[in-house]
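One chain, chain A, appears in both complexes that follow, with chain B as partner in the first and chain C in the second.
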Partner chain A sequence: MITFDLQKNLGDFELNVRFELGEGDFLTLHGPSGAGKTSILRMMAGLLKPGHGFIEVGNECWYDSAKSIWKKPQERSVGMVFQDYALFPTMTVRENLAFALPKKGDHRILDELTEIMELGGLEHRKPSQLSGGQQQRVALARALAKKPQLLLLDEPLAALDQGMRLRVQDYLLDVHRRYGLTTLLVSHDMGEVFRLSNRVLTLEKGRILRQGSPSEVFTHKNLSGKFQFTGHVVHLKQEDTIQIVSVLIDNHVIKVVATPEEVRGFAVGDKVIVASKAFNPMIRKID
Partner chain B sequence: MNQLEGTIDRIDSKGNLSVVDIQVGGSILTTIVIETPETVSYLRKDLSINVLFKETEVMLAIEKPGRWSVTNQLACTVEKIENGELLSKISLSYEGHPLQCLLLTRVVRDMGLMSGQAVWAMVETTEIMLQA
Partner chain C sequence: MEWGPIILTFRLASITTVLLFLVALPLSYWIAFSRSRWKPVLETLISMPLVLPPTVIGFYLLVAFSPENALGTFLHDYMGLQLVFSFEGLVIASMIYSLPFMVQPLQAGLANLPPNLKEASYVMGKSRMATAFYVLFPTIKTSILTGLVLTFAHTIGEFGVVLMIGGNIPNETRVASIAIYDEVESLNYANANAYSLFLFILTFSILLTVYVINSGQFKRIWK
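Up next is the complex of A and B:
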């Protein structure tokens, strides 16, 4: 169990969040820029000191304003990955990973991570010789080398193209399950939120607006249709008496038949919800 | 999307499924949903709710169907027909509420549908969504 109660004046607003995370939870912090998401991550990592509150991780106290406890980043069992990979440019992949290992750390974890993240063959390369996706896999492996109790991810995949993003998400899901991690992710990508996290906090100006599972927070709970997705309109075309609307959902484009009245005022780029009953879609196993 | 307002008349639940009867004007519409009164607040007898179904999922019959598996049958009047080359849009009125239905133009022709005509509009139980 990880409990945090964080309060701090962030200039424009007062950050005030209290939340409990269970072991194995994958929590996404979601909300507009400047809502306080990265500040929360930095406070959890020990890089930014809150004004008041506490952070408890298992039986350990990382921060308690009442008892003047403030653990330094290196005293906390956290792994961090940011959008910019922040790898040491002069070190090879292997050296970057080894640097993160605690002094008496077991080098076998590096071999294991190299295998899981499919970095074999890249170990002796420098970061500049790697693609964005490869660099981010190294950054993730490095964050996991000390087997952290808490993994902090700040838009780690934002700089990657869609295909690479999906592949790195698979790696993330794999290590999250394999190592029983508790993960805190900042993301704006709705597909990513649904794919990775089991819990979501929506923040605005430092306060929790909504919380729950991604479907509780983002789908229209008042609509009974269970085949629900959110996406963006990419194309609208009148065909005979109907409109065919193409919607980008994750990295798939789907088509919806609608009446012209139903989609009046729709424009390319609009965010939409697509819903049908769970009774309608066919499902079939593929190889 | 067709939308009619109704009142929940009856809920039969088993496991995670509920069959819901909604009184809409003088008719009862029935739907099945993967929710129960325990999982959502809108499943309560006498609560007002919107019934939604797609224009493409509406069937029309000129005579009242007898022993049909589709029990959702609304007595409507054809208000307007817009013929496309392949698909036609039929505007209907159910007790004064507008409904729409998309049919193949050749079917509209074969049935001899005309505005002012009385028809029965039918919707499958599995095609009706509820919105609180």
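Up next is the complex of A and C:
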């Protein structure tokens, strides 16, 4: 069980977040940039000191403003992946991983992580010789080398293309389960939230807006059973007794069939809404 | 041309560079990461040798190290150091005179590192010391090289400070730049030219090395 209550004046707003998560939870912090998500991660890692509150991890107290307890990052069982990966440029992949190993750590975990993250053959390369996805996997493996209780991920997939993103998500899910981690992820990507996490916190200006499972937080509120797009009329054509209206939506032209009554008064260039009930849409996987 | 002044110049430059590096490393670290309100004061003091005439530094060091004064007496009585008109005094003076040339590249190198490197290392459980020596300093090795080479070259180019505090004692304080001055005073232009040409070619080569390295042409070797 991890409980935290964090308060701090962050300049533009007051951060005030209280939350509890169980062992093995995968929590995503979601919200607009500048909502305080990264600050929460940094506080959990010990890199940023809150103004008030506490952090309890299991039976350990990492922070308690009332008792003046503040554990340094070195004293916390935390692994962190930074947005820019923060790989050490002078060290090879293997050296990066080995550096993260505690003094009495077992080197076998390095081999294991190398295998899980499919880094075999890259061990002797420098980070600058790796692709973004490879760097990301090294950063993830490095964060896990000391077998942390808590894994912190600060938008780790933001710089990757969609295909690589999905693959790294698989690695993330795999290690999360395999090592029984409790994970905190900062993400903007809705697909990522649904795919990875079992709990979501939506933040705005330092406060919790909504919390719960991804489907609770994101679907029930705006469930309408309807698709709706806005576009511009580019062409109108009479065919027998019906009208065919061509509408430009984003970069696609869509032809919509309508009765003459519906399109009465329409002219090329008008802004229109195209809507449809979602009870029979075609759905297909595209990659 | 005698080799004495040239050898002395090299000895002075080497010893100054090594000692100054050891002093400047923690100093640069502190300046790069400190948020103390005294930081601007210290930065200013370190940069002073860039703008002050070397004679000013030489003059105050001469006064401070003089056996007539408290500091000079203390150094002489308790540490057996005679810093006026001696090689040891020249080393101290050169270290002060070259301070900005060592500190500024190191400080800039450290300050320009992504802050995440340091934090990532802390989260891995590494101390500040281990982080500095295994992560930060290796990452700024081109800055370190620049600092070392500039200090070395700048110490070779010293004149005013040496003249004030060292004088012109053969094999003790008579470095090449002083020897040139001395030869010209005695109208031995050929000798002066020999020393001058030697220094010219040497400093040119040293600076060229730094610029070539910084332009990235040696990156494959140094990275």
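Please note the rule applied: the second predicted complex is superposed on the first by the 220 of 287 C-alpha atoms of A that agree within 3 Å, B and C clash if a C-alpha of one lies under 4 Å from a C-alpha of the other, contacts with A are read in each partner's own complex, and residues count from 1 in each chain.
To be clear about the criterion, contacts are C-beta pairs under 8 Å (C-beta built on N, C-alpha and C of every residue); 3 or more make two chains touch, one makes a residue touch a chain.
Only a predicted model underlies this, so the values are computations on that prediction, with no experimental measurement involved.
Which of chain B and chain C touches more residues of chain A: that partner is C. In the superposed model, A:Ala86 lies in contact with chain C only, and not with chain B.
In the superposed pair of complexes, A:Asp12 makes contact with neither chain B nor chain C. By the touch criterion stated above, A:Ala100 is placed in contact with chain C alone, chain B being left untouched. By the touch criterion defined above, A:Lys126 lies against chain C but remains apart from chain B after alignment on the C-alpha atoms of chain A. Contacts of A:Leu47 after superposition: chain C is touched, whereas chain B is not reached. In the superposition on chain A, contact of A:Lys72 is made with chain C only, not with chain B.
No residue of chain A is contacted both by chain B in one complex and by chain C in the other.
Those residues of chain A lying in contact with chain C across their complex are 45-47, 72-74, 76, 78-80, 82, 84, 86, 88-90, 99-100, 102, 126, 128, 142-143, 145-146. Residue ranges of chain C in contact with chain A, taken from their complex: 114, 116-117, 119-127, 134-135, 138-139, 141, 223.
Of all the residues in chain B, the ones that touch chain A in their complex are 1, 31-35, 40, 42, 52, 55-56, 82-89, 100, 102, 126-132. On chain A, the positions that touch chain B within their shared complex are 220-226, 240-242, 257, 259, 261-262, 275, 277-280.
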